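You will see chain A twice below: alongside chain B first, and alongside chain C after that.
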Partner chain A sequence: MDNESKGAVAAVKGFFKAVGGFFSSFGTAFAKGDIFVKLSLIWLGAGYVRRKQYAKAIIMTVFEVAVILFSVFFAADYVPKFGTLGTVKAERVFNMATMKSEFNDYDHSFMILLFSLFSFVVWFVAIIVWIKNTINVYNLQVMEENGKHINTFKEDLRSYLEEKFHITLLTLPVLGIVIFTVIPILLLIFVAFTNYDQQHTPPTELFTWVGFTNFITLFGGGGLTATFGYSFIRVLGWTLVWAFFSTLTTYIGGILLSLLLNNKKTRMPKIWRLMFVMTIAVPQFVSLLLVRNFFADSGIVNTICANIGLTGFLRNIGMISTNYIPFLSAPGWAHVMIIIINIWVGVPYQMLIATGVLMNIPEDQLESAKMDGAKPFQIFVKITMPYMLFITGPALVTDFVKNINNFNVIYLLTQDVYTTTNQALANSQAKEVDLLVTWLFRLTQDYYNYKMASVIGIVVFVICSVFTLVAFNFMIGGDKEGTYQ
Partner chain B sequence: MKTKKMKDSRTSTIIMHNVLIGVLAVIWLIPIVWLLCTSFSAYTGINTSTFFPEKWGITNYINLFHPDSVAQFPQWFLNTFIVACINCVISTMFVLMVAYATSIMRFPMRKPLMNMAVILNLFPGMLSMIAVYFVLKTFNLTNSYAGLILVYSASSGLGYLIAKGFFDTVPVALCEAARIDGCSEARIFFQMVIPMSRPIVVYVIINSFLAPWMDFVYAKMILNAGVSSKYTVAIGLYKMLDKSLINQYFTQFCAGGVLVSIPISILFMIMQKFYVEGITGGAVKG
Partner chain C sequence: MRKKLISMLLCATMVATVATGCGSSPSDLTNSAGSASSQGSASSAGNASSGGGSGETVKLTVWAAENDQDYLKERVEKFKAAYPDQDFDIQIGVESESTAKDTVLTDIEAAADVYSFASDQLSDLVGAGALANIEEVGEALAMAGKTLDEVKSANAPDSIEAASVDGNLYAFPTSGANTYFLYYDPSVITEKDAKDWDSLLAAAQKAGKKVGMTLNSGWYVASFFYGAGFTTDLNSDGTTAMDWNGTSPDGIKGVDVVKSMLDITSNKAFRPIPDGQISNVFASGDLCAVVSGTWDASVAADVWGKDYGAVKLPTFKVGDKDVQMKPAYGYKFEAVNAYSKDIGWAVLFAEFMGNEESQMLHFQQADQVPTNTNALQSDEIAANAAINAAISEGDIGVIQKVGGKYWDPAQTFGELIAKGQVSAKDDAAIQKVLDNLVDGVTAPIN
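Take a look at the complex of A and B:
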């Protein structure tokens, strides 16, 4: 699966090459096409009519009319206001005719942004279709000149179950991805350059473009009162520390546990394995919320610790100043506990994966190492680990990125439990234990600060993609594909 | 004499080895055991003094099926079930379709599309969900089945990689032979590759069925301001632990957690085998 990701760099090149090819065939079509090809630049169906493909001609004409109607009656309402995102504020005005107080014809900034973006996407698709249509029509002309058979409409339809079956398969999924992933991401990138927040929430208020102001705020600018820069550094630091330790601990732990379970000395390995897997089969919102109450300030672990005198001992040596152990409610304690609890959650997963990989370690390598007198530890460091790293290296990178975005563990463990005492963090609605994503989530859900959330989202993306690209390039550099085959 | 001593030390290491695993297993199972015990407690609040409840009873399970204004477990279960079923159908279709097209078929846009998917997967899923939330709100689809289903299934095509890894193992020669015999791509897909790939189809079906059960964050977003009867199990149980409610509902939360975990665990156990194959697939074949 990960070979796909490795090619990301090469892909960008290939993509541009494909685009270049696309435009050059459009140029050829335009230059060498007959009058009907040129006519179909204006009326998309023209070329098809000439080649007697009437059904296609009708479809293309309907498409063209639809795009024009869309542009005139829908896009025209929004796109012209894209530059300002609206100027007319919502107000109640008294209507003399109906004798009622009604809203004026106000601008809704968010609708303007959303529907303008939607129009851009539609037009982009329309242009692609327009170019592709010209190329198709020209191809038909060439085919006719060479006396080749031109498909009837029925044959065209059939081809969508045969050599063009991929189009049938991919249309709906790709459409879903474009509407529910691509457009939203573009939308949020735009929002990052506006002042869309609680004071500027449509429909009652307007928001507008502010350039790079939000980015400057996040990276430390923005005057004396703004604490976003400070919070950002703190949260980013903890995010990276968390991602590093959570990935490392669960990875190593998973390998060790799987070695332990798959050892010949283990009796009934299947039952043991089942026990560990059970813990991850329980949904995270149940297990994590439970653990959170397990370690609560007045929870059961604290009662036990108080009973055995651990709380008193820790207070005596000055590690805590409260009469309970603040497992999840004080900085430092919470950070460590979160990583430990994550070991509990993550190790069985990694154990499953490691088991699958370890079972495929070439037996002969292990055997010959043993014959040469290698100790178990040597075998682990020299054979098992390199093999594991070779197979799961790409997955390790993916895991790191997933942990940067590991919302569940942090949110379910600390939301409503952890309150920050750091005023600077509190001013920007962050906490010491927040990851960038949980901070982003709180900013949108509780404080409606969409502009900053979008900026943080973009930063998260940049961090993840830079890390992935660097890591994969590094791995391609040390590619030893043949070593284990 | 010597051999006997060696054997003794071996038995003792075996015992030590298994005791070590046993200790680890106990540590890992403590919270689960606590969940089970607490769900059978006769009291309602958090049990903070003893590990095992002082009085046992099944009132929590009975209360779960007598909904009040806060806890409407049967309704939540039904909501999640409906969303899960519809999502299961749509997601499974999308995932298998994309996986087949990218794995078995060859067409010019194949590589660029796959790389686009890699890049899109690098964006935090939540980021696009925030925008999706705006859009759904604009169309008044928040706090509804439709909104949830769209959120779970619309972009599910992006999760095609594990299924693609499996389809990649279908011998090329087999598909070639079918094509030469005049078999259309559609028939190869439906009558050859899908029946051959039963394990991965099962995996994808279970996986997409489980998504709404396991998910917390998207449901929290979409059901933000909703009423209790619209919740999924995850959100409903989460709300039970609200500061003002926790002392009244904690043991019921545990009972609900147990009930929802049983079917999920069973499905998860079936699925985990394929999960491992999928993650390590491709790389291990050689």
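Take a look at the complex of A and C:
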């Protein structure tokens, strides 16, 4: 428990200490190792051979050969061009005899970037293994000098099912994260420093490094459209407003709903709960597209509003100037509608979570509060809510981050329906209702502006991670955890 | 600690999704990596066997829209039959003409060898180097016993011009008259009423019905400006040139065009239809006239009966001058991928998809208006009112040459007018709106 509440500073310290320890034991191994340990620096298997761990020696040798082959036959094609991302453009000549085009040996900037990056990751892993290997063989030397038992290969293998089982378990997930998360993120970060866009699309054109130009552009340095910085601020503002309200409304709504359903006076709570959960069973895009059509300018809700005179009334008091209610097609209206529709989509999830938590509130606390004469509202404010907040705090933070990136609701409700009348936004391909992610999607999907999309992606990442770290430290920092034990 | 780590990873995964969105999903990568390496071997094999390489199987991937799949299958079989000595392995895929560009530009080397696309995507595809320059590979047509010049002269000159950039042909026209015109209900509107907006709106108002048109789309809204002599053009660097905020060669000011448009949109009988909603609103039956294309012919027949009217776009008044609206006039083209392995055969197949027989068949099966001059003469085409209206616009239609930056600002511009958010009396405000529009459209690419 104490470990978890140490806070970020301690964590960073611990990390550097571990790294420092790693290198210092490498230094010791290098200085004090015998000839075989030193030979292991060149031939990874040497130390193991000396200690008769032949299977390990073979594995390490194969690893070494694989890395060398990879470097010579694969990485060597790409890494040397990493500095320029390629210089040779594609050229072709049509050959009538073969009915084929013959290409020169052209450079493909994206492949160079990607495979260089991949090579760097492989080499990074190889260096770690190399250092770790040296430390290992030195440990073996020490063990031999002290006359301790040296594991056979079989014993080593068994240890991965017993005391080192955590390593066995984590290997696959870590590998997955490196391939599917770390490499794409690094790629994204690299692209932000290039001019990869519609004018520089491989294989026909090359792209290259441009330094911080894209970041300067985003934060108002001009160069792109004059309105890009303005649009960024507008979109960021709405993103944060949206994330705040959508999280808050669904959270409160979910708790209230579950309180209502958990109340002893509510009849047939299961039926009610089922009805609310039904929205989860329907795929979100189906219900959202349906709702979008309901609230379209010529949709069914507008027809009803016109028939009961609501449209006329709103026009008379000057709320609208059109002969329909622009639920999803005018700023302000659309903003509010999106948040309201999201309540309907999001509340069932929160209701389920809240129901679970409510059922687990320590009964004795509630009883004693009742005995002391607390009213239901007091119990809610003093016991239920603090308990709720503590338990669901982390989920609340993830919800907020999820809503910053809530592509579905925004895109499905406004795509093809919402047309901005703000020319400054339109000139940067943004709309008032865009979140950073939907804007980013349009920039990449419709305008192939990969470099700016990457920059926005980095900004979203920074916002999300800073918020998450701060919020987590705030919520589960200190001693709060002890209070409820 | 662990919770923090998890939250960080969570964020990381989200960004990773974003990163893969940038056209680098793992499967794509392996695909193109594979194709890159096999490209090397293909060209070296080509060098080695430059004497007689007809023995190997020709592999092609061809794409067409969902509802053209049967047509495409039939064509593929016919194409194979035309070259009995050659082995083919032709794969068929689904890709709509309107979205072909998005798919192709994600990874050009992995895209189909031959696919059809709408003419507004030509500039982006050429800019990205996705299309083969037919002039460079046209000699392959000798296999079909044709020359490139023969193919060009068999099609309407406008269609060839639309498929060319800087005098180089980049695709084969397969169908034309992708445009919009005026449908009207002959029981409410006479043919004479349908000639200009004033009489059209007056007749509609008398009958208590509406005239519909989409304005929040760069495709439709341009018709007023093209009519007044304004232009859009594509610069060689991919940016768009636009003069709508000035005075046209016909001596009409852009501000006055906007005023005339506001006159129309402020009329009670006018109904602005959001982009993509025309068919729905049309079917609702509130309209007595609507601006739409051949794809709505069956809706018109359902709503107003078989004798529905279809004529070219009406004129509108600027000051006291009658100005003929000029629609954007588009085509569908058959593309040859510049990175096709068997590019010669790809050219042959693309040309085959655009020849007279194919065009005629496509018209019979899917109402696609031919561009082939012989096919255009046929009696079947003369009998179709909507198609006739579309073809009749051939001489006023404008091939819309715009870059990617045109669409969003133009859509917003149309929306401003449709919603009446600029005052027809405030010249300075209108000028500002036009200046903003031109700023956005002519902005440098990225």
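Just so we're on the same page, the second predicted complex is superposed on the first by the 450 of 485 C-alpha atoms of A that agree within 3 Å, B and C clash if a C-alpha of one lies under 4 Å from a C-alpha of the other, contacts with A are read in each partner's own complex, and residues count from 1 in each chain.
We take it that a contact is a pair of C-beta atoms (placed from the backbone, for glycine too) under 8 Å apart; a residue touches a chain by one contact, two chains touch by 3 or more.
Bear in mind that the values here come from a model prediction, so they are computed numbers and not experimental data.
J.: Have a look at where A:Ser298 lands relative to chain B and chain C in the superposition and call it first, second, both or neither.
T.: Touch status of A:Ser298: both partners.
J.: Figure out whether A:Phe441 sits in contact with chain B (first) or chain C (second), or with both, or with neither.
T.: both
J.: What is the contact status of A:Thr322 with respect to chain B (first) and chain C (second): first, second, both, or neither?
T.: Second partner only, chain C.
J.: Look at A:Val174 in the shared chain and tell me whether it touches chain B only, chain C only, both, or neither; answer first, second, both or neither.
T.: In the superposition, A:Val174 touches chain B alone.
J.: With both complexes overlaid on chain A, does A:Ser465 touch chain B (first), chain C (second), both or neither?
T.: A:Ser465 contacts both chain B and chain C.
J.: Given the touch rule stated above, what does A:Glu162 touch, chain B (first), chain C (second), both, or neither?
T.: first
J.: Examine A:Ile185 and indicate which partner it touches, taking first as chain B and second as chain C; both and neither are also allowed.
T.: Touch partners of A:Ile185: chain B and chain C.
J.: Is A:Glu205 touching anything from chain B or chain C once the two structures are fitted on A? First, second, both or neither.
T.: After superposing on A, A:Glu205 lies in contact with chain C but is clear of chain B.
J.: Now for A:Tyr411: first (chain B), second (chain C), both, or neither, which partner does it touch?
T.: First partner only, chain B.
J.: Touching chain B in one complex and chain C in the other: list those residues of chain A.
T.: 3-4, 8, 11, 110-111, 114, 177, 179-182, 184-185, 187-188, 191, 296, 298, 401, 405, 416, 437, 440-441, 444-445, 450, 453-454, 457, 460-461, 464-465, 468
J.: Using the touch definition up top, name the residues of chain A that touch chain C in the complex.
T.: 3-4, 6, 8, 11, 90, 92, 94-103, 105, 108, 110-111, 114, 177, 179-182, 184-185, 187-188, 191, 195, 197-199, 201, 203-205, 224-227, 296-298, 321-322, 329, 394, 397-398, 401, 405, 416-417, 419-427, 429, 437, 440-441, 444-454, 457-458, 460-461, 464-465, 468-469, 472, 476
J.: Flag every residue of chain C that touches chain A in the complex, lowest number first.
T.: Within the complex, chain C touches chain A at residues 1-4, 7-16, 18-24, 26, 29, 32-33, 36, 39-40, 42-43, 46-47, 49-53, 58, 102, 105, 108-109, 124, 127-130, 132, 136-137, 139-140, 142-143, 216, 237-238, 274-277, 280-281, 284, 338-345, 404-405, 408-409, 411-416, 419-421, 433, 436-437, 439-440, 443-446.
J.: Could you pull out which chain B residues touch chain A in their complex?
T.: 13-14, 17-18, 20-21, 24-25, 27-29, 31-32, 34-35, 46-51, 94, 97-98, 100-101, 105, 107-115, 117-120, 122-135, 138, 150-151, 153-158, 161-162, 164-165, 184-186, 189, 213-214, 216-217, 220-221, 224, 234, 237-238, 241-243, 246, 250, 253-254, 257, 260-261, 264-265, 268-269, 272, 275-284, 286
J.: If we count contacts the way the header does, which residues on chain A are in touch with chain B in the complex?
T.: Interface residues on the chain A side: 1-5, 7-8, 11-12, 14-15, 18, 110-111, 114, 158, 161-163, 165-166, 168-170, 172-174, 176-177, 179-185, 187-188, 191, 257, 260-261, 263, 265-267, 272, 274-287, 289-291, 293-294, 296, 298-300, 302-304, 344, 348, 352-353, 355-357, 360, 391-392, 395, 401, 405, 407-408, 411-412, 416, 437, 440-441, 444-445, 450, 453-454, 457, 460-461, 464-465, 468, 484-485.
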